[in-house]
Amino acid sequence: MQATERAQPLRVGVAGLGRLGRRHALNLAYRVPGATLAAACSPLDDDLAWAREALPEARLFADYAAHTGYAEMLADATLDAVWIVTPSALHAQQIVDALRAGKHVFCEKPLSLDVAECERVVEEARRHDSRQVTIGFMRRFDPSYRDAFDKVRSGAIGRPFLVRSQTCDLNDPGGFFVRFAPQSGGIFLDCSVHDIDVARWLLGKPRATRVYASGTIALHEGLRAAGDVDNGVAICEFEGGALAMFYASRTMAHGNDTSSEVIGTAGALAIGHIPRASRVEIYDALGVRSECTPTFFDRFEEAFLIEAQAFVAAVRAREGVGVGVGVGVGVGGQNDAQPAGQGATLEDALEATRIGLALRESLHAGRAVLL
Amino acid sequence: MQATERAQPLRVGVAGLGRLGRRHALNLAYRVPGATLAAACSPLDDDLAWAREALPEARLFADYAAHTGYAEMLADATLDAVWIVTPSALHAQQIVDALRAGKHVFCEKPLSLDVAECERVVEEARRHDSRQVTIGFMRRFDPSYRDAFDKVRSGAIGRPFLVRSQTCDLNDPGGFFVRFAPQSGGIFLDCSVHDIDVARWLLGKPRATRVYASGTIALHEGLRAAGDVDNGVAICEFEGGALAMFYASRTMAHGNDTSSEVIGTAGALAIGHIPRASRVEIYDALGVRSECTPTFFDRFEEAFLIEAQAFVAAVRAREGVGVGVGVGVGVGGQNDAQPAGQGATLEDALEATRIGLALRESLHAGRAVLL
Amino acid sequence: MQATERAQPLRVGVAGLGRLGRRHALNLAYRVPGATLAAACSPLDDDLAWAREALPEARLFADYAAHTGYAEMLADATLDAVWIVTPSALHAQQIVDALRAGKHVFCEKPLSLDVAECERVVEEARRHDSRQVTIGFMRRFDPSYRDAFDKVRSGAIGRPFLVRSQTCDLNDPGGFFVRFAPQSGGIFLDCSVHDIDVARWLLGKPRATRVYASGTIALHEGLRAAGDVDNGVAICEFEGGALAMFYASRTMAHGNDTSSEVIGTAGALAIGHIPRASRVEIYDALGVRSECTPTFFDRFEEAFLIEAQAFVAAVRAREGVGVGVGVGVGVGGQNDAQPAGQGATLEDALEATRIGLALRESLHAGRAVLL
Amino acid sequence: MQATERAQPLRVGVAGLGRLGRRHALNLAYRVPGATLAAACSPLDDDLAWAREALPEARLFADYAAHTGYAEMLADATLDAVWIVTPSALHAQQIVDALRAGKHVFCEKPLSLDVAECERVVEEARRHDSRQVTIGFMRRFDPSYRDAFDKVRSGAIGRPFLVRSQTCDLNDPGGFFVRFAPQSGGIFLDCSVHDIDVARWLLGKPRATRVYASGTIALHEGLRAAGDVDNGVAICEFEGGALAMFYASRTMAHGNDTSSEVIGTAGALAIGHIPRASRVEIYDALGVRSECTPTFFDRFEEAFLIEAQAFVAAVRAREGVGVGVGVGVGVGGQNDAQPAGQGATLEDALEATRIGLALRESLHAGRAVLL
């Protein structure tokens, strides 16, 4: 490929400028070769003030009054793609609108908390099959998860048949997630949905057949009103006999502890066993210790970046255009070999929601739920 | 205490000289101060031939023709205690017989695979309450498990509310356990029963209220006929809201991997995360690695020894006699402080069987089982 | 700061497009906000061909015939800075030339293998004190080394008095470094120079007073002719009583194993104890293992990038211009707080060369060398 | 072998009942099959009072007035062996006396702080070559060190050429070792002597040719008067090109940290990298941590026991008598295969003293010392 033939940068508009939205926006603006952050919208003045400083090249849309800002942003014909980091309840309709406006779409998880709505998006996407739609299960782009996935696929552990995976957050004494509980869908849909996707991804995308879930409130009694728990455990059975065990917690003392294991007939892989914040070990009167990643963003900062780079590459691949020598060779180390199509599809997201809802039903009913 | 007042050695007779029985017998003969291996019985000529060599001071009983050997051993009035390492189906009656003969009893787990039989033994033991009866849940005597237990009790992790525990064996291509499956009670009664006991011990002995179990056959199709699996997973709910997750496997590639975690409101403890065989790390073309303990005996060799020492101490404590300065001070390091009464009681063993049977029922029925 | 006031990108020209030079060039071209790779020069046609593809926006200079290319590049008044990744023997003069041309300078280590030449550069730089000159001791920018440095400075380990540090490369059976030995200055100047800088940085930049070094040839007999070894060990004493121990090897079986420890009166820190390539652990018949980083670039990829970002920030800080919101806030996680001035100065590089030369002298003479 | 042919227990007398002496005495009394603690002597009333309680079967000798107690103990013809745990200055003469009395001898390290005296003992021992004489370098009996030794010998790491080894003690604010400094011989003879022996053992017992040592006082200024340091580092060169690096410290914050590495042409082994006290990991607000072994006895408790068992086996092997099936088979796990002759010989101890003295000389002289 001639470097001079390289495509114009992908022009992206971000919807939602909360904590995670800002991270995505900055990545797109400054760290993703081949992409330009061309627009952003938010209903909050604070967000827009921040954006004027931090994203000087982005066209800003105020998203008040029935979200007209998002609609206006979609109407900007110079935008190639939208990046949805809005509240979950808006995801499905915003994806549909974006597709109808001819945009490629990246949307944070979850696709939706409602299966029917998920299915509606899947159908709409089928009508726009030239558009890239990726749901943000970022663990697939974490170099360690990716390494494990590649090893499994290469046969390193024989046939994988069991995944154990957890999403455990540092306890927030302020209890933000307690207030958020009514909209979050509960711990399984908010947290375990990542583990569900990891399990299916590592096990070859089997369909779930039966789940059982349980949980307890260790610290945050305020969750009881919403029917939620701060620690949940679950078993998920898949067709063909594969299994998964999930653990989600809001009450860890040591940090964000996201880890997974995949066990096969000839070996096993553990990913992230100890959530080390760095390569430093401290020797003192308490023993020998590693400090831990405090939040999921500290743990997955690199994954979020690679995810964005892969999205650009996936769009380019659809267009039959490479991302350019500069990006493909050596700009990143580990991410060079990231195939464009590894992101979670709408179908993956639908299945994750389906299983997450069944887990919540099992938790409430106290019995196994068939899918 | 005057050293000259020390009690005579506890005279122990071992029933069963299989692989594990021999280990117990050698410990009692040569490594447990305050005990003498005074007798042994087995129905197998090979075992007896081995014993004549290895246990020259033991009186040997051939245990053929309706186990008259065991009865004869019980009739030996010079014996203070019996150590039962026979097939599980014999445990309950042998304990009852030993109690009626006035002996203290150590019996390998499980107490029985039948709840009613367990209850019968419990009742019988109540009638002989001057006798010590301990069931061999040896993890309670492993220094690392003991350290975790002490830390939990001291409040180091706040209120413990979740235990995750696993018993995973190195794969045996020969499949001994496949042939053994009809008598083993299945993977949950044979393996997870240890994890059940650990969970209850670390959580303060709550009663189980509901369980769910699932499993799969990864390698050993021969188990299907016995209704068993080679990998099993389970959730156990306890009164008061505590939870446990269990994993049992017969198919590990790397060794015997027995580990547990206890999670509390202010921290967590992991026991045996990586089943290191030693303190050696190997650096070579494959990376940096630790070799693993191949069998449960390699992992728990020290626990088996401390368990025997603690049994002797428990008997002595009942008799109001110390074990002697020589034993109590410094003979062992970590085990010096082992309280005499930490072994699993018959009630603990009954509860472990009750939960194990419920797990098996859940596996077969595909639904949660209430206890 | 108003975003619109942001400075124009720093225009950088890279000299040298070997393996490491290409990495630097790609970082500057695509991953360092606030910088533009505006030029590159190399005497090799292959390098220039690569650059035409990979660096389409860079003006290229052929560096043949007495390095006129480099001189021409310096003559390009639009360039703000040069990035020297040429053979070590050229470094000193190229820095001087760049300073005289009014450029900021980044130069890969070592500054020079000759103390007098180092001193000449130091003097020249003093005459151009508005120019930023940084020598590429990239470990200072590695997040784990940086974390350790910050902890030491905060008093976490009391007074640091001993550093142990090693630079150990995966064995190269082809023996590139054997052919390179005559120019490398030997193992201490080529490898340990990093450890020397780390030791001084962590210990508060003390002056060395005496060194002793030894070494052996484990595999590469070809080094003998050059008076070099493939494994070297050394002790370095500093004024005030602090100490350092160094180990350098060319013959590791497991990967690039760069690690350091700093020991203080109240604790110690280890950096990179096990050179894990990722967060994946493999469980198989060999035990439990972590794969290792094969090369220093795999280990320090992030450090090279942060180093370049910090150089840009340092230049901006001299100019009284911030790097801009987009860079300063959140683009990177750990690197956000990198102070601009943490890079190794020419004085640091001079001291590292001085110590490295003394180590080589000690190795050859078999006696301690006073500095 | 017929069990009935087994030899009578080896009758051992212990000289010295300080902290370490008591540990040895209790091991011999209660934990070493085939041995009987038949006698003990000490000049201190406290020790003898302790012994009357703890060692009721031992004949006690008061060791006052020119150590007549030791002489009387040697005169006891029923004793087969003596176990010397007295102050270092007494070792040499006590070994000579014991040999002349026809006893087998175990003596704690160091043999002597004087080379001529060491040589005198070696000569005397040659005149009594039917007697077993072992010096207490207990690391050789630690299962992890033993595992490393076996791996090295089996060729697992190719040709070993470098050992790094350290003996680092938990800081004792009371500074016992400061008061002990005048007799200890200094940090290299007191601590590094273990590392010297480990290095020679793992490298195939090469002779040292040159050493260099340095040190610093980090905390204990009181050592200055004795010419000692609380942190010492050293390089030792061996004939044939092998190398060793040593580190000894009295000031660790985290525990007794004894570790070693052996590096070969095809790999490396690390022994005891993190001085874990157990298999427990603690997850709390500080991160994930392992508590550490506080003292060398906690770390090497098992080694001291195996060492004693091996001594008995070595004596038995000289006598052409096995130790008996009960001991040889299965009583211990890892120690079953311990060859009788692996203990350090007088020649090993002589060489360790020779090197240790050279290190001390180098520390004082500030120059390399040839051997």
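All chains are identified by letter, namely A, B, C and D, in their written order; residue positions are counted from 1 within each chain.
Basically, contacts are C-beta pairs under 8 Å (C-beta built on N, C-alpha and C of every residue); 3 or more make two chains touch, one makes a residue touch a chain.
Quick caveat, the model's predicted, so the values are computed rather than measured.
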Winner on C-beta contact pairs when B-C is weighed against C-D: C-D
Remotest chain, subunit A as reference, centres from CA atoms: D
Whole-Å gap between the CA centroids of subunit B and subunit C: 57
Whole-Å gap separating subunit A and subunit C, where each centre is the average of the chain's CA atoms: 36
Centre-of-Cα separation between subunit D and subunit C, whole angstrom: 44
Contacts with 2+ other chains: residues of subunit A: 157, 252-254, 266-268, 273, 276-277, 281-285
Residue numbers on subunit D that touch subunit C, as the complex places them: 157, 159, 161-162, 164, 210, 212, 214-219, 231, 233-235, 237, 241-243, 245, 247, 249, 251-254, 263, 265-268, 273, 366-368
Contacting residues of subunit B [partner subunit C, same complex]: 252-255, 257, 274-277, 281-292
Residues on subunit A engaged by subunit C in the complex (per definition of touch): 3-4, 6, 22-23, 26-27, 29-31, 33, 52-56, 143-144, 147-148, 151, 156-157, 266-273, 276-285, 297-298, 301, 325-327, 329-331, 333
